[in-house]
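One structure below.
Every chain is named by a letter (A, B, C, D and E) in the order it is written, and numbering of its residues begins at 1.
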Amino acid sequence: MKYQYFPGCSLKGMGKAYEESFLAVSRALGVEVKELEDWNCCGATAYMSVDETKSYALAGRNLAIAERNAGDVIAPCSACYLVLNKTMNGLKEHTELNRKVTGALKSAGLDYKGTAKVRHPLDVLVNDVGLEKIKKHVKAPLSGMKFAAYYGCQVVRPYATFDDQDEPVTMDKLIAAAGAECVTWPLKTRCCGGSLTGTVPEAGLRLAYIILKEAKKRGAQAIVTPCPLCQFNLDGYQDQIAAKYERIDMPVLYFTQVLGLAMGLSASELGIKRGIISAEAVLAGR
Amino acid sequence: MPDKPKVAFYWCASCGGCEEAVVDLAEDILKVVEAVDIVLWPVAMDFKKTDIEARPDKSIVASFINGAVRTSEQEEWVRLLRKKSQVVVSFGACANSGGIPALANQSTTEDIMKYVYEDSPSNDNPAKTRPLTECEDEGRTLTLPSMHGMVRSLDQVIDVEYYLPGCPPTPKLIMAAVQALLTGKLPPVGTVLSPDMALCDECKRKDSKPADLALTEFKRPHQVIIDPEKCLLAQGLVCMGPATRAGCEALCPGGNMPCTGCFGPTSRVKDQGAKFVSSVFSNIAPKEQKEIDAMLDGIPDPIGTFYRYGLSKGLLRRKLN
Amino acid sequence: MTEKFEPRIVAFFCNWCTYTAADLAGVSRLKYAPNVSVIRVMCSGRVDPQFVLDAFARGADGVLLGGCHPGDCHYAEGNYKTLRRMRMLERMLKAMGIHDGRFRLEWISGAEGEKVRTVINEMTEKVRALGPLDLPGKTLEWDKELKELEAHVNQSAPKEEAVHAR
Amino acid sequence: MPLEQKVKYESDCDKEFATWVTSQTGGENLRHCIQCGICSATCPLSLYMDYTPRRLINLAREGFKKEVLSSFTIWLCASCYACRSECPKEIKVTDIMYMLKRKAIEEGVFPRRFPIPVLAREFSRMIFMFGRINETLLVTDLFLRTNWFKFLTMTGLGFNLMRTGRLSLMPDSIKRRGELRKVLDAIDAEEKKEEVK
Amino acid sequence: MSDNKNKQADLPRVGFYICHCGSNIAGTIDVVEVSKYVSGLPGVAVSREYKYMCSDPGQEMIAQDIKDHKLERLVVAACSPNLHEETFRKAAAKGGLNPFFFQMVNIREHASWVHTDKGAATQKAMDLARAAVARVRHHQSLEKKRVPVDPNVLVVGGGIAGIHAALTLANAGKKVTLVEREATIGGHMALFDKTFPTLDCAACILTPKMSAVKSHPNIKLWTYSEVEKVEGYVGNYKVKVKRKPRYVNEDLCVGCMECIDACVFKEAKFPDKFNQGLGKRKPVYIDFPQATPKVVLLDPQTCIQLKTGKCKKSCAEVCDRKAFDFEQKEKFEEIQVGAIVLATGFKAYDAKRDHQYGYGRYPGVYTALEIERLVNASGPTSGEVVLRDGKKPKAVGIVHCVGSRDAKSNKWCSRVCCMYSLKLAHLIKEHSDAEVYNFYIDMRTPGKGYEEFYDKLLSEGVHFIRGRVSDVTDWAVTPEEEGRLVMRVEDTLAGFVRRIPVDMVVLSTGLEPQHDAQEVRRRFNIGCGSEGFFQERHPKLAPVNTFTDGIYIAGACQAPRDIPDTVAQAGAAAAEALALIDAGFVELEPNTSHVIEDECSGCKSCIPLCPYSAISFEENKKKAIINEVLCKGCGVCAAACPSGSIRQNLFEDDEIFSEIEGVLAK
């Protein structure tokens, strides 16, 4: 199993722990990942608000580079995953857009054919690696631990086909494979407000608060997520939330960190310490 | 005997097999020679074009012309014969429908020239010299006939009264035709002088053909040991018999080889290849596109298979470039 | 006059599915390109490959063949026979230099009026992009080379000309 | 209580705007809307919006350009795609929001010093410069341009990020910046060509 | 007509007529221009345009012209031949011309209605007209053949549609076989408690009809049976029916149900399908007290004797009629019928497909059919509206359009849900004192007394919230929401989002085609629309006919519909079948194929192609021969005959070749 890895800006910045844990888990499972050469920012949600064609072209450059090599592209960041897939879809559906974008790419010597396949690590781990194999690698099951599997919005909507858009289950399965329990709750894919917390804090904070509060109410010891923006948003603003609403103190982990722990990888390898709300107390109790 | 009817034989783009067929009349040829006065037969006798030109128009009772029309010389000759003859008989598959030479209609003249004079591996022609239709030599102009852009059947160049089918026509059909001419019992103009029915009617293997072929695979003759009794199509061989006019008495199937269609279609069919495809392929077993395609791969050269003798008269006539 | 090229496409539609679908498209007032003329047959299995070749030979720029979906033939399996023949015919057309988009086989059920529109519009555009096929015109062009000698041979006795021109 | 006139005249709507919206990428199904409101119901932000997404869709297709472009709704959309995935008529509501944001920026009718459009612009500028985004620099830059006071309240967060090693102050950059700029410039050129037409 | 054209004496004299169809054709096609153009074509003796060709004067004009102008061929350019081919054939016959010397040109459905460019549409009409004129010259004089019609009828499906159709036919004296897949007839209607808008009890109006079916001397009722195979053609169908084993002899069982009490299972413990799984049943059971036939049956999945062969068989012991037969096998029977009525009904949308409403996840979420059983006095709770835990709901939310009007599931409006949701709202209110909320997108009540019913519900204090519910969750935000189901919806009339806590959610699921509708329609050789319902021949003018003559459709197998419409349609289907049978014979289109014996080489290529085995090989002549009674005129043999020796009437090679030549000639 060989893949091309598209980290995106977040995994190189505030989401460092995601990259660390993702790479560590991949290594341990024998999944070969090679970072995409000279990748650029996917454009995320912001660029789409400024210039549509350019935002397609930005993502298109990455896809064109990826097409040169074999292997599906893994994009762990939900926004990157969505934007890259949206681009492929858009360029397939709209011929005029395709003409403009492929033309622009060609002018810089980039050839876009639309043959790449962009995958999310959840998809790869469940469908390519397989739960059976993962279970075999679990050396230190997280028995007794209770997590709230929080997918966030953009990982299953609207392009993903590997899971249900309302009621996704892949991450629940992985957490179960790690030996932990998942709380049932209806907010798995509700928006955390991440893209607004910085700009319209009163709205963003409320959304994050709703998620945190409900997870706590359902008995979760930590929230587990596959999205760097959700992680940052839920983890980073808990002080402000405490000031405005109430203190929750809910660690927010990446699902790769949870898997890594169960597989016996060290906390430092997995960037556990990078959480602003420390998970150490919760994890010590296992 | 000045009153013996005058007869001409001429060949265009052909292999000479049709001339052989005339000789194959064996002792019957003597009867023919006795009955007629041959005024032109380039393969056997020495006549000049000027001899024919000198004859009055319509003075030849019948001209038997074999071969397809490919060059300006052939065209000139057939036009001349047309002018001098009362009846023109298109003789054999090449004259009738282009024959083997018409397979060249899948290529342009330029492609053919280039391959023959430049690319063919057996060539030693570094200067890439090609034949010229005209050149100067010691102050004289030498000319050669030019190639036409495509191969044509005889009736695509001149009007023709009758057709003798086959590659070549069988002695029996030739004799019948000559006798009809000599006795004046002529069928309507345009008739093909053989039974207007498909070959299966005459084939000894006919009874062994099952109703449902349900073919799953096409084979080529060299790939199988052919059962000498059984219907060839039923053995998975592409036998054109069902779509080919009768008259040869199933010579090839009798000789353990599938019919390749040299007699052309019946009068009710415009395009022999298409009609054959319509019939045989309706009856193959696969239903899924993928399986069908896999089966069709067993026929690597469909045009060469279904239009072996008739590309000039196929509805499309030639490959479009 | 440099008139814009309008493709002429001949369609053979089976009575029960595709012809009905075309009727439905009409009843639904869907709008599509006027370049396709439909010839009705009872079953796509009636379509002899000769019809397709003849249509091309007579000047069609494209030929469309419509039948019921596999498994839905009004006559049980006529459309399978069509499919088999036409797969072979497609290979032959290709070998004869007739480009891919000029011949199209589509399964359109009686309920798919919308598909009639899409297929006709798509095909019209495709054929428009391919340009005219114009086999009758090409045939005239090819046969020009025969004119010169005809005149030459007949020169000696022009009065005979009438005889040949039948 | 001041009286406000609510009646709208046909001259208040801009039919061209309606046509424009439906002709854009993503706007194809807009006219199919049956006003069921599931977009609003599922939207996590509709509670803050001046017009719910359903109402915005209706205003857009009726051509109420001013109301649409100056609404908060478009800026509050967090692109979670919940509406799009629930819509029974497959209307690409999120894409329509993007389209309206672009139009609002283009026409300069968004609220002044409203941080979102500024963020979006900064974001694109940074990509043009480096090809990648440095979140720290982006946020800092944004607050300095809009509301530097708020920046101070955020310093606690900054400290936390520093502590956990998640803050970097060096902009990351791709190697072939020229290549990327060429692509973006080519699109500019193409779009100019269209405008000329 | 001009003289020089009449010189083409060898061509048959053609009359050409083009119809304006009001402005339907003339609005797009310049009919005068087309008529003028055609008049100049070789052989055309008369060319006219007229407002409505299909009208009496239009037909009269044709008949008169045939006589006056000695017309030998007729071409009419108008609508689709599927509509008016017969009309003009009759007009030809009236003028003394063989009706098959006629060709129709479809310039309405295929041109004027689908094109906007008038020039191009006119040109296309000219092309098509020219093709028809070229083709019609080759037409032959033909005759329709007559085949007698078998007077027996098959009705498939024993819901209200099938019941009504069967009774109508039987009352008219026809022998009817009614085949039903389930163990009892009654269909969905038997599940309902009350029917809208009159609120009369479903059982009270249905069960008399059910017993009438059972006791009617002209009806043979085969329940627990399915049609396996259908062969033949209009008036002469041969049908094979599979009769599944009930393990109880239907003729002996009197339905005393003592065996059910005697079953070794003392408690009913298996989900009761009839009650939508809300109740329980034993391995030996009867669906409901009024089941027809009133005969018990055994469930092989749960019966110990059938599963293991090791049971005391107390059920059989207690049966004094000795009706039990554990060795019963499925058997097949064949019947001959002239007509078939399909009334196979619908399937309710599977509410599990809409995850957001939590059906199957939250016990408080129900489907409408479950509520029908719940409010039914003979249902699992004897008509009490209680939750699965026995508590009474304080608030109930009814979600309209579940699995309807949604591109993600079914695009269509299921037509009955608004009304039955109103009915359920009323019944829930009647059976409990809960607050009832109806969440609707558009309220659709177009029927006699329907709007009045809506009015009644409004007055009953039921809440109506216009908006599609986005989700049902147990996510509580306020204290009153704790422990309840929260429905989120935009109150679109108010313009803001509301969260409404309830205890019971009712999903008004839409109507879908039966899961095996595709197989069934293939078996009967009829069509389905893209949504999967059976396709009627014409949406307005032939709503119960199909494209296969002699097969009629009724009820919700054709589209979602309510009981009054279903019954009306069933009556219509029965009347169509009666019209066919009472005519006594059918005329078959003479588009059959035949082999020209002198030309056939006996290659047998055609023989396996015929789907009706109409072609055989005559061994002594060594030629193929076509039985024209069996031939249905597809023409596949004519296309495939490699020597061109098979002709198909009306579709001969030279007819089609001239049509091709004609359409392309410039």
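We adopt the following convention: a residue touches a chain if its C-beta (ideal position, glycine included) is under 8 Å from a C-beta of that chain, and two chains touch if they have at least 3 such contacts.
The model shown is predicted, which means the values in this text are computed figures rather than measured ones.
Asks: Quickly list, by label, the chains bordering both chain C and chain D.
Replies: Per touch definition, common to chain C and chain D: E.
Asks: What is the chain whose Cα centre is as far as it gets from that of chain A?
Replies: If we average the C-alpha coordinates per chain, B ends up farthest from chain A.
Asks: Taking each chain's centre as the mean of its C-alpha atoms, give the chain farthest from chain D.
Replies: B
Asks: Would you mind checking which pair of chains has the most C-beta pairs in contact?
Replies: After tallying contacts for each pair, the winner is A-D.
Asks: Determine the centre-to-centre distance between chain C and chain E, using the mean Cα coordinates as centres, and give it in whole Å.
Replies: Between these chains, centre-to-centre, one finds 35 Å.
Asks: With centres defined as the mean C-alpha position, give me the chain A-chain C separation in Å.
Replies: Chain centroid spacing, chain A to chain C, equals 53 Å.
Asks: Roughly how far is chain B from chain C, going centre to centre by Cα mean, in whole Å?
Replies: The answer is 29 Å.
Asks: Approximately how many whole Å separate the CA-defined centres of chain A and chain B?
Replies: Whole-Å distance between the two chain centres: 72.
Asks: In chain B, which residues are in touch with two or more of the other chains?
Replies: Where chain B meets two or more other chains at a single residue, that happens at 269-270, 275, 278, 282.
Asks: Show the residues in chain E shared as contacts by 2 or more other chains, in ascending order.
Replies: Within chain E, residues 356, 471, 609, 636, 639-640, 653, 657 contact more than one other chain.
Asks: Which positions in chain D are in touch with at least two other chains?
Replies: Correct list: empty.
Asks: What is the complete set of touching chain pairs?
Replies: A-D, A-E, B-C, B-E, C-E, D-E
Asks: Can you tell me which positions in chain E touch chain C when the two form their complex?
Replies: 80-82, 106, 108-111, 113-117, 120-121, 123-124, 127-128, 131, 522, 525, 527-530, 535, 539, 547-548, 591, 609, 611, 632-636, 638-640, 648, 651, 653, 656-657, 659-661, 663-666
Asks: Going by the contact rule set out above, which residues of chain D touch chain A in the complex?
Replies: Result: residues 25, 44-45, 48, 75-76, 78-82, 84-85, 94, 98-99, 101-102, 105, 115-117, 119-121, 123-124, 127, 131-136, 139, 142, 150, 153, 156-157, 160-161, 163-168, 172, 174-176, 179-180, 182-184, 186-187, 190-191 of chain D touch chain A.
Asks: List the residues on chain E that touch chain B in their complex, please.
Replies: 598-605, 607-609, 617, 622, 636, 639-645, 653, 657
Asks: Would you pull the chain E residues touching chain A in the complex into a rising list?
Replies: 355-356, 471, 473-475, 477
Asks: Can you check the complex and tell me which residues of chain A touch chain E?
Replies: Its residues touching chain E are 164, 166-167, 185-187, 210, 214.
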